[in-house]
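Letters A, B and C name the chains as they come in the text, with residue numbers starting at 1 for each one.
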């Protein structure tokens, strides 16, 4: 089991390298050179500052070197295992070892990238970690219900409604929700922006003293963003649960279970469900990218300062440092998600062997 | 209740269609081919018929957009002279689309040709029309090329390519009707479409001409125009109503059934024109995804081993990158071009199809008929594409239908984020304007958003129906 | 004469498909006596599996439906029982094993879990005792090292072993009747013999009745006491196994025996029954076999009136107009309390390899 785990983790590395290489080269081959864009934006730089910037860029990226070298310099800087010091003459005076990843400095915000990401990451993770279990729970319950009432009117109607939910664009839902439900002109049921009340710093955690409290206030702010992220994946997963359950219920071993005299409830929840949840695990890994896309839109519409907004802002500001780091972290999160799904599947299905 | 026929009085309905599998029967012959049966089954549910109806509706709007929503009048009389500004303002694409649609409709009704031959015929008609309409503007394009700084290839190479392509087109126009009908229809279709693609790519985008839309309204107001016949929606997508600034950002009213935008343009007209972008991106991006996916997946599934390992790494890399992130990165770095967007969306969506085809081919290569084809010495492309592919294409068709929906969603999201096309209207970009100004512009949020939703829903309905029709297990599962 | 253990009267089962009603079991009646092995023979699609599943009411209600009939077990009509009581019949009074051992066990549970589930459901024992019973059952079916096997998953076992596990599971609660739906069709020939041998031995030990569904006449010859031949949803012949093999009455049974190639018989062509099995959606009128029958000789009656199952000789029922005495025989439902003469078979001496020895198993 341990060797399987280590092998899977190691397999992430080539995928990560490949994907980051793709992003890096795509951006580097752009018709407008990054340096020109960076330096021309801040057109009124003092000659000294401009020189310093150019030197920094050259040192970090080796902009006068060929592209693959640039990529590896950046990769080396960002990875926790790499070359620490480079003297003349490879490899004698090069020290290779474990080091802190150096994510660089953001140009737009004039501070290191690390803290910027550390501020934004928990926000996005908070929304995701609330949405994912919620959508799974709703999906499984509704999927089981639909499978039990298969063929009847409520099942067919629910199926079409779910398909419609899945087809609703996040951009539309977010705009409509915020336009109607968070608008002083219509219904102001929910707040329009951000995740916290401006006075959150001075609030107590639980309700009391005349204010709702930090916890409830956060939850109130989270309702709309979480709704936007949940409805799509739960609709998809629900249909999948139903289909998978119906598939499993037609299997031979279910007939055996019934022939043993087990009640329909036990057959459904003990025998059928465990088998039908297996394909769900693999599919769920495919939903992760959609959640990232969704969080980009949701964070923009609801003015939440998370990773998604960082992606867009950094690109629009031509802040290559920040964008590359953000993209890499996002990739890493996603690949970790895939890995966790694989492990979960290997644990859940005894037919999968760890060789 | 019993219409007895010797079956002890139980209700009996005659079995229609073809005989169920299992026990052999010699009474009911097959009445339809498999493809016809699949198409029929897909269109049985009401929902998928509605979905298809919406798509057809949308296609109609996309094809006829410049004719039904245009500020240029169809016909006008100015100072005694008749003229048709609309016809003069048409681009080659505006003419090719209706012609191709009519050709396709005629072929569908007449049903004299097979699917492949019909496709070839439509492609030939499109190529001829395009050449005929684009060639008069050729001198203008030559001039632009001479002045343009092409980084990808030198101006001389571009000239040579143009002349070569021109010669091919002429040959095609003259010789092809002889070859279209008998056989090799797919090759013909490819041969027709290739120069079309090259032509559109090589010719740079026409520099935006400054069109003064309001002059028609002003001239009519001042009496210079004596007779005018306007399009149904008398506003172009880019007509910002500069002569009527008070009509900016107004909710639905007379004259503007869906309201106006913050910069003055009519919402209905922009929505009609935006359907073109939506449909074309959907089809072409998915087409690219399917072609690339089938080729990669097919090779992986057939030549297992190193090819399979490498291919799986490639698939993992492409699947790992969130599509929107890369799309945004490319658009921000390379500029906004319709073709670039189509290509990128296509190149980010092929992994699903590749996996399906790989799984199918892995199963199929052990089948007897494939072994027989190999033993008979058939060429590889014949084995892959004529024998194995038709048997394994089913999940890809389903995935393609859902893929069109997801491509449209992706493009809308990109436009919503402000990174979409600039000149062409797009539903996503319109949705972004819903929050401009002081309040919530409900008409700009509702209508374009509903259009995106309905289109995506329609494709998903058809895709679901197609999946149910192709699922062999559905016969067991009631 | 003893009372029958299970009596099926006029059972008719239909399926409502979107291509019309299909009735694969029509007016089927017969009896099984305690300790007897009754066989239902027929080709694929004749309705024997549906009959077996209907006894335990395992037919999916939509689209299937039991249209008429009774299934009396020791006097109680199983078809009229409420579901809760039916569940205590399944697995406890009547157990069933199926054709495909590869897919009949749940892949995510150990076989120990699955056997104990059945035991704990029907017997009041603790978990520890249930485990012991399960281990004992595995030993009884000839699986070596049963303690370790209890913790294994189905995919770790071969087809023959899985079928033994199924048998162990079915017999763990000592049912009175075992329904075996083609238990050996999916197995190798050598394993077939072992499994059938095992079933016979266990049956004799527990005096358990068995309903054996098969299409293999060889299996019938070695294992059955009484045989019912099914064709196109009806029983067309019912007799003791000796009678059936010596004097088949129905033309279909005749055709079946004729088409079995015999050793030493130099024939250039194998005999077949012309034509094919009819589509259940389109049964012929009158006698269902008449389009293929060689006895018909243009008799219009065969195409119009369906012959009923009648006792044409003592302990022999047939449904054919052209069987002697058919018209004058009483129309009764078959009941035969018959056990075959036990012929000492050579394989019984191999019991030491195939079956556990007589001494007590000590875990």
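Note that in this section a residue touches a chain if its C-beta (ideal position, glycine included) is under 8 Å from a C-beta of that chain, and two chains touch if they have at least 3 such contacts.
If you're wondering where the values come from, they're calculated on a predicted model, not measured in any experiment.
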Chain separated most widely from chain B, comparing mean CA positions: C
Once every inter-chain C-beta contact is counted, which two chains account for the most? A-B
If you average the CA atoms of chain A and of chain B, how many Å lie between those two points? 30
Which whole number of Å gives the spacing of the CA centres of chain A and chain C? 56
Roughly how far is chain B from chain C, going centre to centre by Cα mean, in whole Å? 58
Which positions in chain B touch two or more other chains at once? 478
Chain C: positions in contact with at least two other chains: 62
Sequence positions of chain A contacting 2 or more other chains: 151
Where on chain C does chain A make contact in their complex? 56, 58, 62, 87-92, 95-96, 98, 100, 103-109, 117-118, 121-122, 153, 155, 166, 169
Interface residues, chain A side, partner chain C - complex: 151, 251-253, 255-263, 271, 274-275, 278, 348-351
Would you pull the chain B residues touching chain A in the complex into a rising list? 47, 151, 313-314, 316-317, 319-326, 328-330, 332-335, 405, 409, 412-413, 416-418, 428, 431, 434-435, 439-440, 442, 445-446, 449-450, 452-453, 456-457, 460-461, 464, 473, 476-478
Which positions of chain A touch chain B when the two form their complex? 14-16, 18-19, 22-23, 26-27, 30-32, 151, 160, 163-164, 166-172, 175-176, 178-180, 183, 185-186, 246-247, 250, 289, 292-293, 296-297, 300, 311-312, 315-316, 318, 323, 327, 330-331, 334-335, 338
